[in-house]
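In what comes next, chain A is part of two complexes: it sits with chain B in the first one and with chain C in the second one.
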Partner chain A sequence: MIDVFQILNYFFGIFSSDMMDIPLIAPIVDYLMQIPLLNILVALILWKPFFAVVIMPGLVVLTLYLLYIVWYERKLTARVQWRVGPLEVARPIRGAIQALADGIRYFFQEAIVHREAHRPYYIQLPILAFIPVLLPILFIPAGSAVGIYTPYSIQLIVTFIALIPITIVAIGWASNSRFAYIGSVREAFMYFAYEVPFIIAVISMVFLYGSGDAYVAVEKQSAIPGALLNPIAFIVYIIAMLMATSRLPFEIPEADQEIAFGPFVEYSGILFGLVMVLAYEKLYIMTLLFTILFLGGWSGIYCPLLGDLNGPLWLFIKSIVVISILVIVRSIYARYRLDQALRIGWTSMLTLSIIALIIGGAVGVWLS
Partner chain B sequence: MIRLEKVKTDPVETLKRHAEAIGEAVRQAIKPDRITVEYPRERRKYPECFRGFIVFDKEKCISCFRCAQICPANAIQMEYFENAYPGIDYAKCIFCHFCVDSCPTGALNTSKVHDVAFKAMEEMRLSTKQIAKLPEIVREEIQTVEYYVDRNTWKLVRKKELDSLEVPPKPVKVKERKASCIEPESCIGCRLCANVCPQNAIKVERLKATEEGGTGYILKVQTEQCTGCGLCVRQCPMQILRLEEVGE
Partner chain C sequence: MDEFIDFVRGGPLGPIKKWGTRWSLWPVHLVTACCGAELAHAFACGYDGERIGALNYGIARQTNLIIVEGAITRKMARVLRVTWEQMPDPKFVIVMGACGLEGGLFWNGYHLVKPSDVVPVDFFIPGCPPTPEALLRGIRQLQDKIVTGEAKTSATFSEIMLEQGRKPRVLPKSPKKVSKAPAVLVNVPKQVEWEFGEKLVEELKAKIDAKSITITGKNRIAVKVERDYIPKAALKLRDMGFDHVKNVNVVDVPNEDKFIVEYHFSSYSVKELMPVVVNVFADVPRDEPEVKSLAKIFPSADYLEREMHDFFGVVFEGNPWTGRKFLLAPDAPEYPLRKDFKLEKEVYVR
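The block that comes next holds the complex of A and B.
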C-alpha cells in the first residue's frame, strides 16, 4: 500500500509542479486540491502538457470545434443560397446541435463493409488516419501550455500534415470501387500540386523568423504580424489550405456531384463519421499553424483573471475566426477542374511561393 | 478550321468581379434576402384572390347549375333539397375556381384556407352543408408574413396578428343575363322551356299562324322574374333561346 501512495505522490509532484495558473477558478482548484485522490485528477487536468493536448487547444476543444463548424458551414452556405439550413434539431437554437445528432446517428448505424473491399485496411485506415491528424497537437504550443516542447515544432507540424493525404489515398485504395479510385487518384494529384508551394511558403516563414520554434515566431510578430511581413506567403498558405482541406474551389477529390465524396464513397456508419471529419480536423490543425505563422499566434489582450489560459484561448479564438471567414468561400466560388487546379498549383502558386521565399529571406535578414 | 484562342481577361476587371462576388456573399450572409416562410409556424398573408377552399352561401344561390356545368374536373354535383345546391368533391377539384368566377350571384366565394386534411377519400366529397362554412382547421402559426415584392423593394414583413382566412364577398364579375328568344318564328311550341323554368318566367302564347310562315306560338320572357340561369337555353330543341347580357 505504501508503494501505491508513493507512486501517486510521485505523479502528484510531477503534475502539481507545472500547473495552469488560472486566477478565475483558483478558489475551486484550491478546495479540490485538499481532497485526497481527487487532487491528483485535478492536478493532471491542469498539468500544462496534458491541458494543451487534451483540453485546449487539444481534443476537447477540437470536438467542440467540429460540432460548431459543421453546423456553421451548413448554416452559412444556406443563408447565402437563400435556404434555411439545419433547423429542426433543437429549434430554439436554430439547429445548433445538428452535428451532434448526426454523430449519434452515425454511431448506431450499421457500418457496412462491402464484398470488394480490402477488409482489414478498409476498417483500420479511418482510425489510422487520425494518427497524422492528431499528432501535431502534441507540438502546437499555446502560450505556456505545450505538449512536447521542441525547437522544430513548425517543421514537425508540416511533416504530419503532409502525411494525411497518404492515408486518404490508402482509404480510396482499400475501398476498391471506381468512385473511390478516381477520388484517391485526384487526391494524389492535388497532394503534389499544393504540398510543394505550401511547404515552400512555410519554409519562407521559417527563414523569416530564423527558427522553426513557434515561440520565436510569435515573439518576432509582437510588433508586426507575419501576414504583413510576408503577404505573398500569406496568400499562398490560404490557397494551399483550401486545396489541402478540399474546400470548395478545390473540392476536387471529394466532388459530391461528380464522384460522391470520392475516396469515402463506400463508408457508412461510424466509419463514415470518422472520415467525414478528417478534412475539418486537418483544417483545424492547418489553421492553428496559420495563426502561429501569420497572425501572431497566442499573443493578444492579456486578461489577468484568466492567467495561463490567455494563450490557448487567444489561439483558439483566432483560429475559429479564420475558419469562420474561410468557409464562406464555399458559397462564392465554383469548383475548378482537376487540370485547372493543377495548373494553378504548379504555375502561379509555385511562382508566388518562390517569391515569398525571397521576401522571407530578405525580411528575415532585416528582422535579425 | 476553327482555332480556339484563350479568352483574354483583364486582371483589374477580374479582381473587381471577385470583390463583387465576395461582397454579395458577405451581404447575404449578414442579411439574407431569402423568402422562406416556415409554414406551419407562420403563415403567409395571402392575397384576396387566393384560390382556396370554396365557401357556399345558400341564400344567394339561384340553382342555375352554372358551377356544375363549367367545372372542368367534374367535381361539383348538385344536391336536391328545397332546391338544387352544389356540393364539391375535393378529390377531383383542381382549384381552378371557374365555378366561383361563373357564379352569377356570388354565392360561391373563395377563402384563404388551403390546408384541410381528410382521413379518407370518401370524406373529401363535401356536401352543401359542409361547404357552407369554413372548415375547422388547427392553426399553429404565431405570426403572419407579408410579401412586399416589386421592382425596387424586396422584403418580408412579419406581424404578430393572425390573418383572417375569410374573404369578403366580391362584386360579381358575371354580367346579368336574361333569356330571350332570337328566332320567334321557329318556335314549335313544345313548352319545354316554360316547364323547366324554376321561376315560371316564360309564358307561351298561342297565336294564329301568320302568312310569313310562323308556327303560331310566341314566347314571352318576363325579364323581372328571369334569373338568367340558362336552363331553358339548354332545353330548347330548336336552339332558338339565348342568354343575352343586360345592364353593365
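The block that comes next holds the complex of A and C.
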C-alpha cells in the first residue's frame, strides 16, 4: 500500500508542478485539490501537456468542433440556397445537435464488409488513419500549454499532414471497388498537385522566421502578422488547404455526383462515420498550423481572469473563424475537373510558392 | 420491416438509438417517374426536408431510407432489390405515388411489379403525384413509427356508398363478335398533287414485282409484296437510293389470322428521296410468323426487328438475336403486345 501511495504522490508531484493557472476557476480547483484521490485527477486534467493534448486544442474541443462544423456547414449551405437547414431536432438551439443524431445513427448501423474487400485492411485503415491525423496535436503549442516541446514543431506537423493521403489511398485500395479505385487515383494525383506548393509555402515561412519553432514564429509576428509579411505564401497555403481537405472547388477525389464519395464509397455504419470526419480533422490541424504561421498564433487580447487559458482559447477561436470562412466556398463554387486542378497546382501555385520562398528569404533577412 | 423497428427500439440503449435514427433518416431516392420532381420540390427551398433531419443522399451504402418514386417494372425490380440490399440495417422503405401503390396509370400491365412484393415497405404515400406536404408527412409518419413502434395511417378517406339499384358494368362475353370488314388497312389510296411521286411509282412498278403500289399521302408510298419477296424488294430499293430502314412495324390482326409486317424505307443520301417514306409490307400468317431479316442489308433494321420479336413473336430469319429477350426483362411473359395476350383478370372488391 505504501508503494502505491508513493507512486501516486510521485505522479501528483509531477502533475501539480506544471498546472494551468486559471484564476476564474481557481477557488474550485483549490477546493478539489484538498480531496484525496480526486486531486490527482484534477491535477492530471490541468497538467499543461495533458491539457494541450486532450482538452484544448486537443481531442475534446476537436470533438466539439466536429459537431459544430458539420452543422454549421449544412446550415450555411441551406441559407445560401434559401432553405432553413437542420432545425426540428432541437428547435431552441436551431438544430445544433443534428451532427450528433447522425453520428448516433451511424454508430448503431450495420457496418457492411463486402465480399471483394481486403478484409483486415478494410477494417483497420479507418482507425489507422487517425494516427497521422491526431499525432500533430502533440506538437502544436498553445501558449504555455504544449504536449511535447520541440524546436522543429512546424516541420513535424507538416510531415504528419503529408502522411494522411497515404492512408486515404490505402483505404481506396482496400475497398477494391471501381469507384474507390478511381477515387484513390484522383487522391494520389491531387496529393502531388498540392503537396509541393504547400511544403514550399511552409518552408518560406520557416525561412522568414528563421526557425521551425512555433514559439519563435509567434514571437516574430507580435508586430505584423505573417499574412502581411508574406501574402503570397498566405494565398498558396489557403488554396493548398482547400485542395488537401477536398473542399468544394477541389472536391475531386470525393466527388459524390461523379464517383459516389470515391475511396469511401463502400464504407457504411460507424466505419463511414470515421472516414467522413478525416477531412474535417485534417482541416482542423492544417488551420491550427495556418493560424500559427500567418495569424499570430495564440497572441491576442490578454484577459487576466483566464490566465493560462488565454493561449489555447485564442488559438481555437482564430481557427474556428478561419474554418467558418473557408466552408462557405462549398456552397458557392462549382467543382474543377482533375486536369484543371492539376494545372493550377503544377503551374500557378508552384510559381507562386517559389516567389513566396524568395520573399520569405528576403523578409527573413530584414527581420533578423 | 418490424425487426428493424424492434432493433431500433429495443435494448438498454433503445432511447438513444430511437432518437438518433428518428432525426437522421437520410433518403436515397430511386426515381423511375415524375414523382422525382415532387421529391425535388420537397427538399428544395419551399418545403426543405432537411428541417426534419432528412438529408437527401445519393449513395445507398451510407443511408437508411429508400424512397421509391414511381412505377417499378420487372427490370427495375432487380435494381430496387440490389439498392435495398446494399443499405446497412436498420433500413426503411417509403413508396411514393399511385404507380408504386397499385400500378396507377399502368395498372394491370404485363411489365409491372408491386414494390411491396420486392422489398418490405413501411409507408405508402398515395397521390399522382403526391404533393411535397404528403411526402414530408410520410417521413414524419416513419419518425412516429420509430418512436411509438406502430404504423398508423395519417390519410383517411371518406367512404362513398355505391348507389342502390345501379347495375354493375357488364363486359362482353367471349367469343367476341367481330365485323367481317378488314380491320386494318395499310394502303388506303389518297389523291394528292405529287408529280415526283407518280414518277417514283412508275419506277417502282418497273423494278419491283409488287401486288399493289399506292400513294397513301404526300411523300408516302405503300408497296404490298409477298413475304418472301421483302429482301429482294429491299435490294431493289437500295439500288434506287433508299439507304436505311426508318422503322419496322408489326400489326396484329387476329380476326383475319395474320400479322402485317411493315418496313419503312427512306434515304439520307439522295436529296429528292429524303422526305419520301416507302412502306413495304406483307401479310404473315399467325401460326407461322416468319419473315426474312433485313439486318444484313440494312443494319438499322436490326434493333427494330429484335424489338418486334420481343413484343409479337415474329421470327426474323437471319437475325442473330432471334429467340432471346432483347428489351424486356428475362422473366416477362411471352409476346405481350399480341391481341390475344391474357392479362391477369380484373378483380373488383366491394
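Criterion: the second predicted complex is superposed on the first by the 368 of 368 C-alpha atoms of A that agree within 3 Å, B and C clash if a C-alpha of one lies under 4 Å from a C-alpha of the other, contacts with A are read in each partner's own complex, and residues count from 1 in each chain.
Heads up, the rule we're going with is that a contact is a pair of C-beta atoms (placed from the backbone, for glycine too) under 8 Å apart; a residue touches a chain by one contact, two chains touch by 3 or more.
Values in this document were obtained by computation on a predicted structure and should not be read as measured data.
Using the contact criterion defined above for the overlaid structures, shared-chain residue A:76 touches chain B, although it does not reach chain C. Once chain A of one complex is fitted onto chain A of the other, the partner contacts of A:110 are limited to chain C, with no touch recorded for chain B.
Contact with chain B, but none with chain C, is seen for A:331 once the two complexes are overlaid on the shared chain. Of the two partner chains, neither chain B nor chain C is touched by A:10.
When the two complexes are overlaid on their common chain A, residue A:84 makes contact with chain B and with chain C alike. Look at A:149: by the touch rule set out above, it reaches neither chain B nor chain C. A simple residue count on chain A separates chain B from chain C, and the partner touching more is C.
By the touch criterion defined above, A:192 reaches neither chain B nor chain C. Chain A uses residues 82-84 to touch chain B in one structure and chain C in the other.
Chain contact summary for the complex, chain A toward chain C: residues 74, 78, 81-89, 95, 98, 100-105, 107-112, 256-257, 260-261, 265-269, 272.
Those residues of chain C that touch chain A in the shared complex are 8, 13, 16-17, 19-24, 26, 44-45, 48, 50-53, 55, 58-59, 61-62, 64, 86-90.
On the chain B side of its complex with chain A, the touching residues are 21-22, 25-26, 28-29, 32-36, 38. Those residues of chain A that touch chain B in the shared complex are 76, 79-80, 82-84, 328, 331-333.
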